[in-house]
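Once you scroll down, you'll see the structures, which are given as structure tokens.
Both complexes below contain chain A, partnered by chain B and then by chain C.
And now, the complex of A and B:
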């Protein structure tokens, strides 16, 4: 559903990303991994028009909204229509002055819903992410990090997007809450068939949830494989090192579990 | 049980509070010589407060009971006079950003640290040997941001090891680093600690990490140590509800099947 070819980003003559091509199928999870400074977040920003990017071509065909097809330079657009973004730090991503419910409701501002419809949509989204509807009146400072991140997820979800971008969605959370939020994300994906593009440096997470893994290094693609292949036989020496390091830290299961999902792993 | 004469550090009945709120409640644990102990707990469990108390910092949480026994000397947490941390304990912060002054050259920061622990800011052969063993190059005139984060973290480690500590405290050694660098840093620490017989105290929220490295593990929640014992035993049969939750959420694949049922209980 999303196909990107030959994406490049140059800032002040310095090449940040070079010749990035990949595609994602509907309902699949793409994990973008790599060391810090490798351009993971820049790629996400470029896809959302926040960095001056040069596309060979970009084609985005969501189920429920207009397709987007781009070529050449793109900048300053408010993201891809039909997609939403969940940030790394939930407290920074939410307006500290607004109750969570209002923040979540703003996400569907453009749909001109009536007050009751909006309320229903917000409490639906909250229960979808396993939060109590009462939390809608709380401010970000009055909830835990895990709850705030769930609220961010609800904010993305309320617009029923076909594609959600996640930028390190779990790294601000502690080990238990990480796994619970991840399970919630998984359930939502199973239910709505939403496509996830997740930036992460946790290979344990990628091993469990990804259909496809994209590894970046110094702005170039180091590996672009299905998750199973990646963890069994990585494309390059560097990826092997990456996997070994994760194993050494104890974060990676010895046997990578086979993942069953709505979209079975297809290569593209 | 271990015999007491091997113990290097003992914290007994430590309690601390911020204003009237008790944030640490009757904590006791110990670290043997050359041992690696992990303290595991979720966010808000009081892990960092515990560290701050051990380092002699009394704000925002001030200890009101308990004592710290380290290498033969005992210190009361409540005594006003001895706020300085005990000699022989070194600390590596979570994040290089918290450990360096971004506006001062590394060379200067190293010399300051050396002056404080050894009394002389001259760069000598043993310091060079330490740098070499950590795989660090010479500073030149670089600032912290000109080094990669892995290098910065290793340099922080070097600064911590300058004073030849007997206990090294690592606060969340992996959370700010990506896995390649984290593994590299930890490998360096482990080798060095084994060579020099340095005890390690790793504070983390990740039980998988503790299971990998620590011989004994303390599980903290809500300001209390609910379990303390051999890591392998603790992983096999945790006794408390929180311990069980932590153990069942240790690895990613387990969370997929259990995540839905327990998520409401934990938050």
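And now, the complex of A and C:
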């Protein structure tokens, strides 16, 4: 449903991303891994139109919105229609002065819902992420990190997107809350068949949740494989080292369990 | 079990936040009550006095403080206490008006410059810089002098030299905010610029703006008094604290209370507003731009 080919991003003459090609199928999870500075976040920003693309093409065919097709030098497309983005730091991603409900409601701003419809949609989204609807009147400083990240997830969900981008969605949370939020994400994906593109540097997380793994290094692709293949026989020496390092730290099990998700990993 | 953990976690943060919030709310409430009291006294206080602020009484010229005239009378026999209360309208009220208009102007210019950037930013900020190039009071004296001494001209002059600080502050804060995650989210969600400014930028620069505004208000009281003292501001026979200082200057040796009381009024008002501004800044602290922490 999302196909990116030969994407290049340059800022002030410096190549940030070079020849990035990948694709994701409906309902699957793509994990983008790599060290800091490798271009993971820049890729998300470029896909959401916050960074201008120097060359390359992008085709996005969501089920429920207009398709987006871009080619050559594209820029200024503010967010792909039919997609939402959950950011790393939930506190920074929510306006400190606004009640959570208003922030969540802004996600469906373009639908021009009436006040009651909006209220219902927001409460639905909140219960979807296992938060009490009463939290809608709280401000970000009045909830925990985990609750704030769930609210961000609700903000994405309320728009019923076909694709959700996550930028290190769990790294600001502590372990127990990480586990809970990850479970919620999984449940949502199972229920709605939403496609996830998750930027992470936690290979253990990728091993558990990814169908497909994309490893970036210095703005180039090091590996673009299905998760099973990646953890069994990674494409490059760098990825082998990455996996070994994660194993030594204990973040990655010896035998990578098969992901139980909607459908098998399909190549595309 | 897991829900318990979450509940405890959130309660703890609640407590920390609400304590701070209560402090702030209590302070803002007190400040509001204080400002209202001062404004009430300044606007209606002279009505309670048995004397009219501007009518002379030549039998009681330059009388020292007494039971009948608590703060004495001036060279035309007018009651100084009444004139002080009446003059408060001019000193505090005009300063309020000037800084309010200046704040609105500066905020709009700063928002446009900070949010739209590029050409708008360059043009507006160079304009701001060139206004900054003139020393405030001298520029005001020049403008008021060229236009002729009158209250309206002074207000115009002080507005003209007073808005730039607001523009600069608002611009730098909004440039910072425009790149914050929550503003990016709002933009990706398709909110129009005006709504983003109104809902996401303005509330988050509000506290800093308030602190700057208290500062500007107290400075503006000084400017008005200064200009009036020089004869460019509020014109006789109207009482304004600076104008009263000017009136009393000739009698400084024989009747110092003509200058002491208006001087003390200016000092106390400016001091009070500055102290309130300081406290406000402490309370709003690092939270003013919405660091979230």
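One rule holds in what follows: the second predicted complex is superposed on the first by the 267 of 268 C-alpha atoms of A that agree within 3 Å, B and C clash if a C-alpha of one lies under 4 Å from a C-alpha of the other, contacts with A are read in each partner's own complex, and residues count from 1 in each chain.
Rule of thumb we're sticking to: a residue touches a chain if its C-beta (ideal position, glycine included) is under 8 Å from a C-beta of that chain, and two chains touch if they have at least 3 such contacts.
For clarity, every value in this text was computed on a predicted model and none was experimentally measured.
By the touch criterion stated above, A:176 is placed in contact with chain B and with chain C alike. By the touch criterion defined above, A:241 lies against chain B but remains apart from chain C after alignment on the C-alpha atoms of chain A. By the touch criterion defined above, A:207 reaches chain B but does not reach chain C.
Once the two complexes are overlaid on the shared chain, A:197 sits clear of chain B and of chain C alike. In the superposition on chain A, contact of A:251 is made with chain B only, not with chain C.
In the superposition on chain A, contact of A:186 is made with chain B only, not with chain C.
After overlaying the two complexes on the shared chain, residue contacts for A:147 are found with chain B and with chain C alike. In the superposition on chain A, A:35 makes contact with chain B only, while chain C stays out of contact range. For the contact definition in use here, the residues of chain A common to its chain B contact set and its chain C contact set are 144, 146-147, 176-177, 180. Chain A contributes residues 34-37, 130, 144-147, 171, 173-177, 179-180, 182-184, 186-187, 201-205, 207-209, 241-242, 244-246, 248-251, 253, 257 to its touches with chain B in the complex. Those residues of chain C that touch chain A in the complex are listed here as 2, 5-6, 9-10, 13-14, 17-18, 180-191, 199-200, 203-204, 287, 290, 292-293.
Those residues of chain A whose C-beta lies close enough to touch chain C in the complex are 48, 50, 78-79, 84-85, 87, 89, 91-98, 102-103, 106-107, 109-110, 140-144, 146-147, 155, 159, 176-177, 180.
Looking at the complex, you find that chain B touches chain A at residues 42-44, 148-149, 174-175, 177-184, 186-187, 205-209, 211-213, 245-246, 249-256, 259-260, 262-264, 266-267.
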